[in-house]
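Order as written gives the chain letters A, B, C, D, E and F; numbering starts at 1 within each chain.
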């Protein structure tokens, strides 16, 4: 007997009216199968990138204080959501639709008017993958400005970065823009995604100022320990997991053996980053510093992202190991010298190591890298790209944050910050049942309750 | 040299005796590859649906009190396990095996006697995907009746819903039953899965009564804050992640471009739900209410589930946004007017938004939807389906819960509830090392211990 | 208009110089598609195995005390990282490169010199999958020796097991070694992965001794409750999720219908394990013991791993159910009789149930199993394999731990253990914001802080 | 002035707070404690090992009142907090030498009014 | 000897500890408590229900000092802990009969020096 | 009646409870506190910043006893709780005016027997 999916069939029938890119109408062919493999691969990779948002949410909440947890989680939920909606509305068009002077796209708003474009896979698959990437760039900011920034200010900036700042950079590098033309190589986004997030975070954290209590009267740095390291660790592992979508998925094709190569370089760089940060902090302080080790794994991942397809496994180990040492040095630099307060190390992980990783392509690329006898030309192109994106992002973010400051203000009041953003901005506590504060209705049931049932 | 997997080969050789549905025996063909793509796709989708159970476990434990955490987690572990075993024993047969009057299946118990059926993919792949769906419907109940229901009563109900109530509805809609014949459209289960869970939850929560302390002497509602919002947030994101298996996997095919379309509508509806609940609660109370925002994301997801393949991306945004507003209104209605105590909002998320989503197909379907000039006939069919499933589930659940009440009792005693189900039903605490209560053997080691090593 | 990925293309172009195993150069063929499907499948399975490390991290930290959480998490981060790097350096060569007397491999160190080997899928895909497996074996040890073992000692052992002990066993069974020749059947590693980890854990836990306070003056066992059961539960569900990569991925092929079969037996065995442990502990103590139920799910999974492709679904249910009963008995045996202190039950889950599962293949295998009339010869082979691996691992681990003890010492001092490894070995707390201890810089901001902004 | 310290069941905190509020007393300090006494503990089970949970969740209420309020307050707490089952808790009354309100520097009865 | 018990805002703990340290007092015991009094609570919102959060985070500081240090200590806590806003907290002073240092068995003033 | 308040190391709580139980005292209230004093704190490291952890985990034991039990109880706590290292903690003894058992209304020594 043959089970029939009446409803399924009728719906699928309906869908056939929408443009499909060469999928099998009558019987599969090698071409339709290859297309299906690529589509399946990109979608699954996109799902993995999506779960990185859970990773960010946990890292950011775990490494900050309990009193600001509801706040940071709200920001994370909104980042992924606003990111998807705005990348649908404008981001995709700016990044991939048409081209104006190599600088910006100009068609495909709301995904209309783009039936003439060919993305290799169904348009919606391509959009989906790019949309989850977009939100990733945005969410990097929330960690760096955590524990003191107004919710409304953060949301406004999220709108600007996902609708405009990030898509423009994508256009330059992945959308056929001027950096692409120059041969700038950033395979999965050390610069396009991570640096754009990090430089925005840098500007934001600078303008919003340090958390109360971060620097003593004498300017001495004070550690402000995160409230839940297991969540931060889980978050890091979820990010690592998601990176297997981020990097190998960026082939946009499952029918190439490169995906195995890329998974391998990704894995080795992350491992090398973890080990080198562990050894470095152990050597320096006599104790391995888990808060930095977790960042070190991410440093290795961010570092390899640009060159993941272009460097050898041994090259990946070197890149990861160097990123894992750059990371604690960079954290120290921002904490102690530059004095920009970044609770979760977002600027160092995504900015410093993102820039390093992009430049490292010019050194380690098997084809064209300086260390492989390829001369300095690729390296120079990489430098140009890194600097250009730094300037673009820095200027845009500065203008944006200044505007937002003027309109709604960037920072909560001192009272609100001391009390914690959860109570002041949400009237809610992350662990509402652990304390007695919930009072009247909290952890304890009054006897009165006994009657009402 | 050629590595040989002696053992692998011998096992695989053995397996070849089992029926395989057209997989390549000697050399791959386009057909065998298409089949492999579909199988791989459905399995991976099923894995993603599986992880939704971790999502449910975290949402349900995070949004309830610490003293009932071990209890809810035990329920979740058993739900997925009982669900799989019973769907193997009877559920699959009732849902997909044969047909008696369009109402119920009648063969394939223990997956025997069904070699003549064709599911498009290997039978076990199809079973696996359906089995994890089944447990999903069941687990919706545990959240709504949390913090006061007897473990044994809950287990008995789980047996009934997974072995009988849910499979019958599946038969109606996906197994060639009467609703399928009428053209009822529920692509991935807004009604089949979510509403069945939710209406059961409604009956259960009604019969078991409100938690002590939920309503004051004067009938006033009291908030009972959840104990761990980060876990609840992670749970929501895991559910969202799993939904990418739930919806796109329901094509049962990876060789159609619809999977990209469906991933896109799923993503956009969830995002729209998150944003609309945020704005709605912010406008209403002056503060965005994360506990509802998380539900709002799920509301968008449940809402789009029926029409995910039938509506356009813009339609998906509308559906998600409306679901995100319906959600807080529904929560309020159940809390304040109907006075059914649902700690995690399961009834509103899965019931209200599941019904809405199913009806929305009649409005937004690109083909046949009222708003697209398709007339009211699809909408009417959708209404019939929603009502029929409501009645079936409501009646069955009512009888089942009444029976269970008579046999083992539904509710723990007042003392047990006040003390917490963890201590009374399990003699165990979720955070046994945070408090001093563990006493003799808890967080503190006695000096006596020093000797014994 | 055609979007062009300049950078992508240039990189991919570069990669074409590396050996690709039959991937489509000009236009896809059925062969190139089949290869792509297999590659995609194995990589995704590998990603799922990777996330098992998050599962281990959560189970191990959740089931131990808060004061040792940073320590165990640091161990987990390093295990996966060291595992990957060492499997790259030496492990892969020992396991799969060449063969010396059926005992050990001898080429392919750093993945060089192996271009003549054929793994069915691209070499890096094969390596990736095997590398995440390797780290899995190693991480089993950390749970059993938790809360008292020196960080440096643990790291040294991780190096030895991933670089040498484990790869040799892999060579025996999966690399064409002597056990493979004999027909020993361990499909996905009940013995190869889980027992190797568990027997090492057994030796380690024995040599390092019980935690202070585990046994009273009178030798009476004292329960030491874990500090975070929700994390332990999430960890278990992540392990279960990852197992869908572990078992079905071990086909190394997505173009066989066996993957659906394997997913089904895996799911059913885990479910049966969960249910049988629940019923067993409920019957025994009058209360279902979640700490053991979670172990029971894993027991079912470990039990089915060897025979997942060789037994029927009903056989899988039996194997899972038996494992779920063996588990609490084994825990009791180690706790009370043998008196080896294993905080998370690693030895019972991975050792006892791993051995049982391997033997069960000799009983339940549809082809060749005793219960299916296949005689005792397979069973005898299975016994030989289990015993051989036990002896090899036991001896190696003993020598290794003794050496490490002589060099750096295995155990922290009593003072450090009582205070907790987090403070003594890391100077860091897992929940640094919950307590007042963070002092000067902790949960509370001094007024001084107000000035500095 | 006296300090009244009551060890009560967590479940009656809200009712006592309400009753004291009706009587006119709003100032108090609350903390979570663990108590043991005559009340039998729970048998705990963890990984197959039984053990005695003999430190039970209690709440400590601390109120500083004027001398003339003491009896009334003790009465209210006793009445509202009494279930009659073992484990209802204790009230202890301590002498106090002075009280200061940090905000104003007020001393004595003024500090707690 | 007296026992000084101060209920203060969590945010001033460090400054008070520092100020007391400068004065020469290092020994003290600190705990987390919840307080209610004149200070208005926060309005909490959870799943659409508003409620009053009227038990607020406070910190309790306990110091046993010699009789002659009491005034100075009260002074320091008052000065550093005062914001002038409602909710700054209270200081209570109790008599004490004896103090023993467990490590040495020293009694009285010796126990806390 | 007296109130005995002991600040002890968390690691000795169980032994003290056991020793007191053998002596015949079962009623007590326990809470988690943080203490500072002569005991040197730990150096903490977090994201490369060193800091001083100077509030250390301690446990506070509160027992109300009859006057004639005080010496014995102090003795037991001192003996069992003493490691001889700095940080063993203190015992403070306070006068008490009355004790009431909520369950029965018993006052004075009866309340704690």
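Everything that follows uses one rule, which is that contacts are C-beta pairs under 8 Å (C-beta built on N, C-alpha and C of every residue); 3 or more make two chains touch, one makes a residue touch a chain.
Note that this is a predicted model, so its numbers are computed, not measured.
Looking at the partners of subunit C and subunit E together, the chains they share are A, B, D, F.
The pair with more inter-chain C-beta contacts, choosing from A-F and A-B, is A-B. At the interface between subunit D and subunit F, two copies of one sequence, fewer than half of the residue numbers in use are shared by both copies.
Between the Cα centres of subunit E and subunit F there is a gap of 18 Å. Each chain gets one centre point, the mean of its Cα atoms, and the points for subunit B and subunit E are 50 Å apart. In terms of their C-alpha centroids, the spacing between subunit C and subunit F amounts to 44 Å. Per-chain CA centroids place subunit C at a distance of 50 Å from subunit D. Of all residues in subunit A, those that touch two or more other chains are 30, 33, 37, 40, 44, 222-226, 228, 234, 285, 287, 289, 291, 418, 426-429, 432, 436, 438-441, 443-446, 448.
Across the assembly, subunit E contributes 11, 17, 30-32, 34, 36, 44-46, 50-51, 55, 94-95 as residues in contact with two or more other chains. For subunit C in complex with subunit A, the residues that touch the partner chain are 1-8, 10-12, 14-15, 17-18, 20-21, 23-24, 27-30, 32-33, 36-37, 39-40, 43-44, 46-47, 50-51, 53-54, 57-58, 61-62, 69-70, 73-74, 76-78, 80-85, 88, 110-111, 121-128, 131-132, 151, 228, 231, 234, 425-434, 438, 440-443, 445-446, 448-453.
Subunit F meets subunit E in the complex at residues 2, 6-8, 31-38, 55, 58, 60, 74, 77-78, 81-95. Residues of subunit E that touch subunit B in their complex: 44-51. Chain contact summary for the complex, subunit D toward subunit B: residues 11, 34, 36, 41-46, 50-57.
Of all residues in subunit C, only 221-226, 281, 284-285, 287, 289, 291-292, 295, 328, 331-332, 335, 345 touch subunit D in the complex they form.
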